[in-house]
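Next up is a structure, given as structure tokens.
Labels A, B and C are assigned to the chains in the order they are written; within every chain, residues are numbered from 1.
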Amino acid sequence: MTQAEAKNVNVWYDSFQALKDISMTFEPNTVTALIGPSGCGKSTFLRLFNRMNDLIPLFRVEGLVTVNGQNVYSKDIRLDEMRKKVGMVFQKPNPFPKSIFENVAYGLRVNGISNRKEIEETVERSLKQAALWDEVKDSLKKSAMELSGGQQQRLCIARALAVQPKLILMDEPASALDPISTNRIEELIFELKKDYTIIIVTHNLQQAGRISDATAFFYLGELVEFNLTKKIFLNPDNERTQNYITGRFG
Amino acid sequence: MNTKQLKQRIAFSIFGTMSFIVVAILVIILGFIVIRGMSAISWEFLTEMPKDGMTKGGIFPAIVGTGCLVLGSMVFAFPIGVLSGIYINEYLTESWLKKFLRMMTNNLAGVPSIVFGLFGMALFVNYLSFGDSIIAGSMTLGLLALPVVIRLTEEALKTVDDNLRLGSYALGATKIQTIQKVVIPIAFPNIMTGLILSIGRVSGETAPILFTVAAYFLPRLPHSLSDQVMALPYHLYVLATSGTNMEESRPMAYGTALVLVSIVLIINVSASLLRRRIQKKVKMN
Amino acid sequence: MGKGRRIFEKVVTGVLFSSSTITSLTVILIVVFLFKEGISLFNSTPTEKNYVIAVSKVNTVPVITSNQLADIFNQDITNWKQLGGRNDSIIRLTVNDLASIFTEEELGPNLEFLPVKVNEYVKATPGVILYLSKSQLPSNFEGRVIPVKKITVKDFIGGKHWYPTTEPIPQFGIWPMIVGTLMVTLGAILFALPFGMATAIIMSEVADIRLRNILKPVVELLAGIPSVVYGFFGLVVLVPLIQQLFKLDVGETVLAGSIVLGIMALPTIVTVAEDSLRTTPRALKEASLALGASQWQTLVRVVIPYSKSGISTAIILGIGRAIGETMAVLMVTGNSSNIPTSFLQPTRTIPATIAAELGETPYGGLHFSALFALAIILFMFTIIINLTVEVIKNRNRRF
């Protein structure tokens, strides 16, 4: 069963077409990297899967986007239920200006869970999964803003994990971090693959090569090539992919 | 629908209704004044002196008086406000001086208009012995408008892209040349919007002119800056609360209110038209 | 660069700098002039200039306050014992009263014997208290001029009576106006806050571009309408409505003032609150939505906490707008200098009092000073408000 799918997707911002006829499938327990030069539509594509683009006034989409076999853009979908099943990690760490505990508990609370024990257990489990527990277990009441950038990003990952999504979207999750923190995030992604399906946008080609199973190369709103990562990096079919990988443009 | 969505729906409906009420309040006030005022408005009303204990005739001297005061206050406030806006935004980096000047501007903006009235009376009318006069009233209103002009000028200057300034310096232009040739031309329409808006503010103020210039009844036009004048807002106050025959002067009051409201409407509409034109221009570039 | 050019630049910079000092200068001048005129209220005795209060030599009361004097002339105090003096009942007199005690002949055609008679009378009446001008005081006065205590700030602020023109002894207690101002302001905020916040939230979080294009000009127009027009509208529409609705004798009430001021404070609250709601980073809102929160939950749990300080600023500036407003309140609150005990009673605010009375007040008198002292109180309110806003701003910047 595929975890998520895009079929003949076209996207417009007002009159500008940002995505052109994209079709892709994402298998469970894989990491898929989206690469391509700035402005080619990677974020736009990623944000289709939890309808984050809905907030943009002149945004328009055509085609089919599914998660767990459910049409994300169907009329009778419950947006919050759907978003709960799709976790998202943003480029810059964006914890809420609340305590560490409350950040992770947030998704539970807004989804109507008020049992203290359940919340505490989930917070602990999520922080452990995000490899942050040991660092913060004694200071859960501390403001999340006092953590380092790398810790904040892992907190945001824990926050996303707490609502038990199936699919996790990551938009350049390590681009604002130092190399050591980046390294930890990469290890973490590798761990998370066991339980989740991950789509990650990255500008760092080495990173894509290290962590992903499949890679998609976007260019000017088009999907140029989508294949196993090894294949893309060692022997791409398309010349433009070749050029991008080898740094001849981008 | 789950409770989460139900809550959201209820909350936003309540808020939506409340903002609808806000719109309704404006419509009611404007509608009331327009409907009642329309029948009082005529060519005579706008061009004649008041007669018969202000129950007949027109409001011409009040219109002229308000015109004088607006003009006088702007002659004072506009250059000073724009110059100090330029100084604060273009010459000062984030320093205590900038903070201090901003704070003082905010403080002045927060001073109630009646306090301006007292101050104008104490300084201009009594201390400088201008007496109740256009000059005293204009200066008082000018001081009141000053913070508005400064703030709007600053905002207008902030919209100018820093790269343009840098570009000008790179070509060897001095600071003054840059401001003169690059910054001001771009910010000019926005500064003009600021001017229009502060005219709106000044033309409706009553409290500052009570003790500095406004005359209860003076059916002639001013000859010099040291004359008293009638003014629209004070005239409305007089007609509404202390006319000799309040019942009969009601139509005059409605008419005066309509003239005041129309000024505000015209000013807001022209300001937003100007703004829209600016935005279009920016888009085209 | 030529020398001429350099001088030119210096001159221009000088002109720019001088312009920028005008606001500060004005604030300072406002303070100076308010205090210059207002402070003399506390430097002089509350009797009119050139008038004195005389009592008998045997009277042991050392000094007297203006409140006590007022009580004496209102007959609330009738015996010197009540003021710690001898047990004599108080005989209150003004010079006019003397004219009815003595015949015209006794006083002389041009009142030339008045001083003699004053002496006689004061000597014979231990309980007398006499209010007369200095020129009428005998040179060899055989009674005692009792000193009147100066008005203190406490009398001024805490005094419950505002009778600025009463003879022989005016009273300048502004407590009723402080209460009136605070009540009207409170009412205004209670009205403006929910409506203002609701509108701000709709504008920043819910409205599409079309709805925003309606709401924004509405708010701008509400801000642009002159206060005297609001006052007029309140007077001809709201006041009669309130009178009928609550079956009152007069519709000019605290409530009318509150509603009119509330409408006037609305634009301030909407604009400032909306601006601050908009400062919430999109990333935070998206993070919340991505976790399955509804827009409403995001608003309550993320956006509002984030813009707390901006919202407080909105409230405070709204209060500032309401406290200082003059004409509209003057026209709809009914000018009563009693302390209001409910929202359905008339009252009078500080700015309204100044506007209503200064026009008929002779320059330089006590009443004149008292009105300036009122303005000082008002000015202090606004300075406190501005400083609070400044503190909130700076505290917020630290995060």
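Basically, contacts are C-beta pairs under 8 Å (C-beta built on N, C-alpha and C of every residue); 3 or more make two chains touch, one makes a residue touch a chain.
Computed from a predicted model, the values in this text were never measured in an experiment.
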B-C against A-B, pair bridged by the larger set of C-beta contacts: B-C
Distance-to-centre winner among chains (Cα means, whole assembly as reference): B
CA centroid of chain A to CA centroid of chain C, Å: 60
Rounded Å distance, chain B centre to chain C centre (Cα mean): 24
Distance between the centres, which are taken as Cα means, of chain B and chain A, whole angstrom: 51
Multi-chain contact residues (two or more partners), chain A: 80, 110-111
Sequence positions of chain B contacting 2 or more other chains: 4-5
Two or more partner chains touched - positions in chain C: 294, 297
List of chain B residues in touch with chain A within their complex: 2-5
Parts of chain C lying in touch with chain B, wherever the complex brings them together: 1, 5, 8-9, 12-13, 15-17, 19-24, 26-27, 29-30, 33-34, 36-37, 194-195, 198-199, 201-203, 206, 214-215, 217-222, 224-233, 235-237, 263, 266, 270, 294-297, 320, 323-327, 331, 351, 354-355, 358-359, 363, 371-372, 375, 378-379, 382-383, 385-386, 389-390
Complex contacts: residues of chain A adjacent to chain C: 50, 52, 55, 57, 80-81, 83-84, 86-88, 90, 92, 94, 96-98, 106-107, 109-111, 145, 156, 159-160, 163
Residues on chain A engaged by chain B in the complex (per definition of touch): 78, 80, 110-112
Contact footprint of chain C on chain B as seen in their complex: 4-5, 7-8, 11-12, 14-16, 18-19, 21-23, 25-26, 29-30, 32-33, 79-81, 83-84, 86-88, 91, 100-101, 103-108, 110-115, 117-119, 121-123, 126-127, 143, 146-147, 150, 174-176, 200-201, 203-207, 210-211, 233-234, 236-237, 240-241, 250, 253, 257, 260-261, 264-265, 267-268, 272
